[in-house]
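In the two complexes below, chain A is the common chain; its partner is chain B in one and chain C in the other.
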Partner chain A sequence: MNSLFTPLSWSDSGLILTGVWNTVIISVVAIVVGTLLGLIVGFLRAESNKAVNVLFGSVLDVLRSVPLIIQLILFSTFVGAMGNPLAPFVAGSIVLSLYTMAFMSEVFRSGFESVSPSMQTAARSLGMTKWQTIYHIRLPIGLRAVFPSWLGVALSVIKDSALVSVIGYMELLRTSEQLISRTQQPLEILIGVGIFYFIISYPLSHYGRYVERKMAI
Partner chain B sequence: MISVQNVHKSFGDLEVLKGVSLDVKKGEVVSVIGGSGSGKSTLLYCINAIEPINKGKILVDDVDVHAKGTNKDKLRQKLGMVFQQWNSFPHMTVLENAALAPRIVKKMSKEEAIEIAKKELEHVGLGDKFDVYPTKMSGGQQQRLAIARALAMKPDYMLLDEVTSALDPELVGEVLDTLRLLAEEGMTMICVTHEMGFARDVSDRVAYFHQGVIAEIGEARQVITDPQNPLTQKFLSKVR
Partner chain C sequence: MDYEFHWNVVFQNMPQLLNGAFVTLHVSVLAMLLGVVIAILLAIAKMNNTKFFSQVATVWVEIARNTPALFQIYMAYFGLGAFGIHLSPYLAVLSALVFINAGYLTETFRGGFQSIPSTQYSASKSLGMTSIQSYRYIILPQMLRRIYHPMTNQFVWSILMSSLGILVGMSELSGTTQRLQSLSFRTLEFFIVAAVMYFIITKLVLFGSSLLARRLFKGEI
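This part shows the complex of A and B:
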């Protein structure tokens, strides 16, 4: 009698690589979009008065405080219920990007605020315009100051992307779950998947340390 | 010429300048002395349009600094300013610090900007520090960098706001020497300073600020050594 379960074999590597690839893609999208939006929102928060900040802050607080898994399920269910279900990748990218943005904006805000007003006055006194001062002084100094925090957020996004599996996105964790239910070899597979997450994250953290050393001021 | 005409300036309810008038001719060095909170630094900030004024007028080469249509960024190119805190740009080398504004504000080519920056850095005695990051230098060196950075814009005037106040005592001399050199070269300067010796020896005139007005102004040696106003006498007896 043939077993209901079939052991892990080389033919499964295609599935695993698809999972790896999908994890990388959605992480890159979320980090890039989240960083860009976070830069804008962080800058606006550093520049804005209190009223605007309270408004921004409360939206960001919700994004940061509600667990990602709940945000994913609520968003994709809600959009689906409205009659236009989104592909898991699209829904997942939107939620993960906004979630990333919420953390990045705080990182960048503190970066912008770390550049003292007197530094900016010194730049302006040389005839630099407001935007030249932002671009040449505030942005580079602020970004250097918060780069380690940025890296921390980026790395956690890669790991958080595993949660997008709950809305049906075939990333690394979900492919491994499928393999586990078929092979009943959870130990081997989860160890393998853990190694894959490490392989994805390590270059970023390694490169980050290199960049940090180079930028040390 | 810088012409300050009956300038009033308040921060909230606090009136810091209560009708200040001062003319500084080309080539002249004027030192401004006075207790803290007397408004002397605020005057520099107003001349450079960093702070708006409430009343009166400031003309720089006949341009009304605080008029609506004045391009303040353009105006500041003429007015080099150095602050108590040197504010070196920490992410750039010394050379890049000095070359930045000529390149992006005056739109010079990179080569041109670097050439001017090198010249001004040598001018202030930092010829051997081009590739050093400013955070690796002493306060006195960083302050000289700030002076070179301002000079690289080829300003017609220099506004110096207590540039030695934040320095360790042993570093004050090198910065004052640099300013002395500029004065000898004919740079027009307004120096807010606590260095009475410097004010006496280097400047043409000295103005004593007291509670938002110029209480006494005159030839430098005379004001410092033989002040006429009892307020000036009292102040000088305390700082000496």
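This part shows the complex of A and C:
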């Protein structure tokens, strides 16, 4: 029987694996870059005075109050209109990293602010320099406190990475959508995709809640 | 910079964009209301001793929290087709948002309920209150205070996530923007205006929610 649609077969596994790999790689890039930038911005926000904070805060606020999908389309058409279009992976990584940074900076800021000033005074009175205080006291204590929140943001980035498909990046959901339109077997393919995300997200979110409980007591 | 902005076409189409914004608000409000109702039921089910009910609630919550919103929307739009259920883009986005909202809010409600010590209930009983009175005057007001901010965040999240309607051809704000820009090729202008409109909507919602909080809780939150 000749049909317009060809069913799912093992030869599609290459395409699916490419999608999986692309999802993983863009999530890792966004989490790593977003964490580093968020660490810097969060530290600056915890340190700086109110005026600087309001300025920083309003920029970050825009990143958090405009849907990611609109940011992606805007950025990629903007660089295109300026005459140097970027590859979907590059444009997607930039937008997703900045988006991650906006959330991470709040997480780290609250972490740094959770270290009490008297602890810093104590460190200084023991003869530590300013940088030693930051490196040995504020970073380890502040970062430990926010680990569960950090994990939560990282997991939401993995899920949000699906949206990069809108600018043509072949991540898992986009490959699956293409397979669906060819095979007309939406349920099988989508369940597989759902299981993939679930397997990554479920254990980590439980681990985060476990750490949170352990630290609370 | 050799790009020329043409804003005229955007202003001509403003009524359509505003209409899209209205659909965005509409779908998120509905998704929130239905989500809250289901979440209350799921939270009760999760704290229930009957294993079946609590397991159903757990499965719902875990799937909603651990898979992407776009996956849920595809599932509602393409996946349900395998069962012969063909949802319109609006219904697909709405049902996905309700599913996710319910999943997240269940945990919020359960956490809020469990954060009220049971001694409060015993104390109000010993003051001669009936069960209903102690819930109405003691337990629920305190609980509402604790879940108010997470609920506001969830609502803002639904507004932002309803923008995924663009991918299934729904005519909310971003879907309308997409359709209009494809007619006029003023992609940048249209999406800038859409971004501004989303920003204004979320700010208005947050402002309204803080006004309401001030009235409800009289400053003590």
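Rule of thumb we're sticking to: the second predicted complex is superposed on the first by the 198 of 217 C-alpha atoms of A that agree within 3 Å, B and C clash if a C-alpha of one lies under 4 Å from a C-alpha of the other, contacts with A are read in each partner's own complex, and residues count from 1 in each chain.
Going forward, a residue touches a chain if its C-beta (ideal position, glycine included) is under 8 Å from a C-beta of that chain, and two chains touch if they have at least 3 such contacts.
A quick note: this is a predicted structure, and the numbers were derived from the prediction, not measured.
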item: Partner chain(s) touched by A:A102 [first = chain B, second = chain C, both, neither]; value: neither
item: Chain touching more of chain A, residue-wise (chain B, chain C); value: C
item: Partner chain(s) touched by A:V41 [first = chain B, second = chain C, both, neither]; value: neither
item: Which superposed partner A:Q132 touches (first chain B, second chain C, both, neither); value: first
item: First, second, both or neither for A:P186, with chain B first and chain C second; value: second
item: Partner chain(s) touched by A:I94 [first = chain B, second = chain C, both, neither]; value: neither
item: Touching partner for A:K159 - first (chain B), second (chain C), both, neither; value: second
item: First (chain B), second (chain C), both or neither touched by A:P140; value: first
item: First (chain B), second (chain C), both or neither touched by A:A122; value: first
item: Chain A residues contacted in one complex by chain B, in the other by chain C; value: none
item: Partner chain A, residues of chain C touching it in the complex; value: 1-3, 62-63, 65-71, 74-75, 78-79, 81-82, 156, 160-161, 163-164, 166-167, 174, 187-188, 191-192, 194-195, 198-199, 202-203
item: Residue ranges of chain B in contact with chain A within the complex; value: 48, 50, 73-74, 76-77, 79-81, 83, 85, 87, 89-91, 100-101, 104-106, 133, 135, 146, 149-150, 153
item: In the complex with chain C, residue positions of chain A that touch it; value: 62, 65-71, 73-74, 77-78, 81-83, 155, 159-160, 162-163, 165-166, 173, 176-177, 180, 185-187, 190-191, 193-194, 197-198, 201-202, 205
item: Chain B-touching residues of chain A, taken from the complex the two chains share; value: 116, 118-119, 121-129, 132, 136-137, 140-141, 144, 215, 217
